[in-house]
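Dropping a structure here in structure tokens format, bear with me for questions.
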Amino acid sequence: MRKLNVAMIGGGFMGKAHSLAYAGMPMFFSPAPAIPYRKTVVDINDELAKAAADRYGFESYSSDWRKVVEDPGVDVIDIVTPNNSHAEIAIAAAKAGKHIICEKPLARTGAEAKQMWDAVQQAGVKHMVAFNYRRTPAVALAKKYIEEGAIGKILNFRGTYLQDWSADPSSPLSWRFRKDVAGSGALGDTGTHVIDFARYLVGEISQVMGVLSHFITERPVQSGSVDKLGTVKAGADVRKEPVDTDDEMTTLLRFENGAVGSIEATRNAWGRNNYLTFEIHGEKGSICFNYERRDELQVCFSNDPDDRRGFRTIYTGPAHPYGDALWPIPALGIGYTETKIIEAHDFFSAIVNDTEVSPNFYDGYRISVISDAIIESAETDKWVKCL
Amino acid sequence: MRKLNVAMIGGGFMGKAHSLAYAGMPMFFSPAPAIPYRKTVVDINDELAKAAADRYGFESYSSDWRKVVEDPGVDVIDIVTPNNSHAEIAIAAAKAGKHIICEKPLARTGAEAKQMWDAVQQAGVKHMVAFNYRRTPAVALAKKYIEEGAIGKILNFRGTYLQDWSADPSSPLSWRFRKDVAGSGALGDTGTHVIDFARYLVGEISQVMGVLSHFITERPVQSGSVDKLGTVKAGADVRKEPVDTDDEMTTLLRFENGAVGSIEATRNAWGRNNYLTFEIHGEKGSICFNYERRDELQVCFSNDPDDRRGFRTIYTGPAHPYGDALWPIPALGIGYTETKIIEAHDFFSAIVNDTEVSPNFYDGYRISVISDAIIESAETDKWVKCL
Amino acid sequence: MRKLNVAMIGGGFMGKAHSLAYAGMPMFFSPAPAIPYRKTVVDINDELAKAAADRYGFESYSSDWRKVVEDPGVDVIDIVTPNNSHAEIAIAAAKAGKHIICEKPLARTGAEAKQMWDAVQQAGVKHMVAFNYRRTPAVALAKKYIEEGAIGKILNFRGTYLQDWSADPSSPLSWRFRKDVAGSGALGDTGTHVIDFARYLVGEISQVMGVLSHFITERPVQSGSVDKLGTVKAGADVRKEPVDTDDEMTTLLRFENGAVGSIEATRNAWGRNNYLTFEIHGEKGSICFNYERRDELQVCFSNDPDDRRGFRTIYTGPAHPYGDALWPIPALGIGYTETKIIEAHDFFSAIVNDTEVSPNFYDGYRISVISDAIIESAETDKWVKCL
Amino acid sequence: MRKLNVAMIGGGFMGKAHSLAYAGMPMFFSPAPAIPYRKTVVDINDELAKAAADRYGFESYSSDWRKVVEDPGVDVIDIVTPNNSHAEIAIAAAKAGKHIICEKPLARTGAEAKQMWDAVQQAGVKHMVAFNYRRTPAVALAKKYIEEGAIGKILNFRGTYLQDWSADPSSPLSWRFRKDVAGSGALGDTGTHVIDFARYLVGEISQVMGVLSHFITERPVQSGSVDKLGTVKAGADVRKEPVDTDDEMTTLLRFENGAVGSIEATRNAWGRNNYLTFEIHGEKGSICFNYERRDELQVCFSNDPDDRRGFRTIYTGPAHPYGDALWPIPALGIGYTETKIIEAHDFFSAIVNDTEVSPNFYDGYRISVISDAIIESAETDKWVKCL
């Protein structure tokens, strides 16, 4: 079986998820499309890089991503760094002819994303953006139902991504709260996953009307590594710095095909953890999903008899997308791990089979354009076209 | 105990609910503020009126609402007719010095509602609009928590009212689909309940940005009585007429106090029945409600310890608003009946004690103004101020 | 329409529910089978009886139930007293030729119930036991599915009735905790409702293997009326008396038709309010119900396609049993009121049409026999036959 | 860091889970207690063993488990074979001085389990039984609450394990339906997980009163490998053989500490997938868990104020057991993988730190004794002591 050497740039929380995916993917998918060999991991200094290599099972490590990107022994570049370095690394990787998987959002702006999309097109390499949640089997099942016409023409999409990990004003100022690094706040961090759902399940978005809210205007500076999500309780003498990203994004959507929709994304919703949901109404049925109960998809078919119609709670398993490769019984349990394993499978399949995979850099670019439009709309209080 | 004579104008589905409330209120609330005596019921002809009197236990009946409104033996006028007759009846009733309870929405437009609000002010009578859902004990509990500061300053409100009773294109063209009678579609019929929630729980709405959708452009004409909600399957030779009201309303909201929000209302959401929900995020907690599970309120308090924080599912009962008067154990079951019984209690209390009750015609007027603004916004694609 | 004069013996919480049912039944069911006229209410003294008559809308009152039972102007005797008086009143009523509806459990023992059953048989009157929960439309829908064969041969039944209103040791010693009055504790008060479900939905019970638990051995004596369910917080000087009834009942079941099952009933389950549930597995499907979410029935059909099989959440409405008479849209809300209104409808239909109604005194007798068997089983630690 | 060489005996579905755990454990837990090195995998022939080694990342493979067990280069024996080979392998491994982790149930009978427990005691090796579900963070949180006294003295335990993967009579006769291989059916396969919960959370079980049901008496013989759970649709000419294990187990429990309980386990419950649940009532609160929604624990505390008491839905995360090592935000998603990773962590910690781990072979032995008692009880219709 073909082995492809992976260099992972970044060793934080997402690095863990990606490494686990590389180790686990060939155990789930048999035969695997390829073996993703954990060749090299890069972090900001040798000490962190060595620790990451030890922990995540990479053969070697480095603190010089440029050198690694040029390494002829590397086939795939996996970018799991903060958002402000995605473009530079990806463009260099593309020029070096590497296949690229990049964490989301692809870039801080549409312009930046466009450069990345241009670069991979010119290089002819495979490219993917890690909007892993659409790999949840229940989301893939929703896609299947829609493609089969089971709920008819789509009328409406409502999506949310609600978390509470930064609702506490004493939670620290990680890079996710800094516009120069992250590009935006809840919009880019969580809202983009919902935009990805909307485009995947309903179609291209043509106009947006957005509102961005800023609730917590300064936060204590986080000590230690800045690429973790963990909340550090601030002591009395902690220095505070301004937050310049949005805490919450709400937007109306118009789709190219005439459907309408709305999205709400926030990290200030007490009690919500990873409440990534959608509800879709079609002429012939409805579909609902909530990642907090990700084994399940809710679907209602209008053509059920009147006395037997209601939302069906489908637990995904062997009868559903990716199910054969996963667990032999529904509800043994899909976790974050499985979404990343499927993502790895689909990316390496595309490489080996020379096919397209989605969401790719084009999708990532489109999502950045839509995000830019939401920001412009929020600033101007006007509908903004994004197509 | 004081007995107040009620004349109910209209004998359809809502007439049933109101009549049951009058019969049941003094059984639940003891002592009752007053006995609502079912004096006279009015319908469009004597036959229907007599049937309503028999069925709903009224002493007498009439097909002449003007005469009834003038009757010195009547203390209270209860308006449960289609929307286009609310203003005329209410203004006449006010002039005749009657206390008035009117079904929602108060009027077809803000201008119409203004006349009604002016009339009751001039007459000095008590007035109420029957947005009964805010009388659900769980909704009143949400209000209590908010007033106690339990969730802190409110940041965001998201409300929905989703139904599917008109998702089928063969469901008939009742008056609820005719603009001249209803004023609007999903907006006025269901969306206004959510607007009432928003104003009640969060505060006054200052701006809206709405989208109205029209999915089903013609429907079979309904035979027989037009004041029922029931779906009649259309035969092959049924005549169709155009629908000129909205099937779905989505809107963004800005509140006077700085909070933001959104509402989605539709009657085309397969699988949703009476899915009237809200989710409110505050600085110190969150509250969620779904009328389909109306005995329950979900609340999360940020000051719970980290290892014990999560949404609490509170089943309303004797320890909560109105609970002493209702059932001795939570989950014996709050239904539509109980919301109407509480509504009757609060209205008759206001009459007897000469106090204000809410939502009254002012609230109904404000909701009509906001509805007008949503329509204008949907037509112009601009944020519209409504304060 | 025929009017039947009702004398209600007892004016407590259940009296409220029954009175509301009599007032509301003809509003829901049109035409009603008969008008239940609230003729006379009886309580333990004239003062309480007068208060009940005023509150519940009865024409007259009395403190002498024997006289009322003999009154030729009375057609129906409604027994809503504590359990120890059911037999005496019912037997006298039967001898006087009155139709009888009696609150559950029918009697304190099988022997007592047998006398009642014998009495109504000899008198040829109509008789019903008020196990109202099986009148919940969702439960009636479960029955309909089962009768249609939709879930095939039944394999297993699991029922629970969990409450927490007496979990607090300081909640008072009402009659429900005294064996001489109540017969038993959780078994008779709540467990019998589940036994009624089991017999209604699965079939006759042939053997039981029970365990009874006594957690709280004494309670403060309740001051004031003893026929309320309300919890009174005990003061420091409150006298305590022993509890001699069970707090919790758990039992295994064998059905005549080969199915097996289990029941758990308790009033000491913190956080459970009226958690009356069943789950039934059949060869071709499963059905689940939880009264705390009583508008809903969950059903899974094995013959759904593999990729679309899962529990359907059916919200009962016009398409389901009793739905035409109730509310025009599912989830407007079924409450305790509606279960009692349907019960009244079915009882008066049986009287007027001279048909059988169920559960009747025979069913009540069988449930008492089964309850006796559970007690015997708990005492002997052996399976006890009850058929 | 210390590396421990693992030989895994068996390469089926459970092999996948264990291999993933070995790969992932050091990525989650940092520093890891030890590196579980995937040294050798054994299957019934070289071809299958080689395939397993390739797929699961083992350095070598073998079809001779005895030789592997004797290999001085192996530190840990991991037994993931069908139940009838557990004892022989484990006893040999113990004699060879290997630490042992064995899939559940430990053995087919109490007698067999006793030999295994004796063997590991004599050898002084570490031993664990892979009842992984108690490693679900939410279950560990329940244990923590109970140990803190948060729900007081436990009164009642109700557990279920409901699946439907063998509800279809045409699903094949795997080894799980053969008593000589599996020992028992639903009892051993799924019921034992609930018994493990009961002992872990409540305490030792002293008596049982069980019922075993046999619904499907013969099944088509499964072609191909027999150690998969997958359902194969039988063709017309498939040979059928008898099933001699139970399809369903229901039992009452008495605990040593006075609590009572019940368990239902079945593989014939249409619509249930991995419905492994418990509900525990204590004097001061209640706890509920459902593995199908395994990120969540439901807990109710009696000392919450009356107007704010209700089940809290706790999503486990960094603030809860094992949470620091898992994902940085609750509901990113615990799956089967994570339960196995935690299991591996706890086992290797015990080896490295020379501490006890639970559930170990003693626990496995006790569960086998209790299972034997349930079978005896079902055969004799009597309560059977098991302590």
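Structural remarks
Each chain carries a letter (A, B, C and D) given by its place in the written order, and its residues are counted from 1.
What we mean here is this: a contact is a pair of C-beta atoms (placed from the backbone, for glycine too) under 8 Å apart; a residue touches a chain by one contact, two chains touch by 3 or more.
This is a predicted model, so every value here is computed, not measured.
Should one ask which of B-C and A-C has more C-beta pairs in contact, the pair is B-C.
Centroid distances from chain D, each centroid being the mean of CA atoms, peak for B. Centre-to-centre spacing of chain A and chain C amounts to 53 Å, using the average Cα coordinate of each chain. Per-chain CA centroids place chain B at a distance of 34 Å from chain C.
Counting partners per residue, chain B has 301, 309-311, 315 as the residues that reach two or more other chains.
Residues 151, 155-156, 158, 160, 162, 167-168, 209, 211, 213, 215, 248, 250, 252, 254, 260-262, 264, 266, 268-272, 279, 281-286, 298, 300-302, 309-311, 381-383 of chain B are the ones that touch chain A when the two sit in their complex. The part of chain D that touches chain A in the complex is made up of residues 1, 13, 16, 19-20, 23-24, 26-28, 30, 54-57, 163, 165, 228-231, 273-275, 291-295, 315, 317-318, 327-339. Taken together, the chain B residues at the contact with chain D in this complex read 141, 144, 296, 299, 301, 304, 306-315, 319-320.
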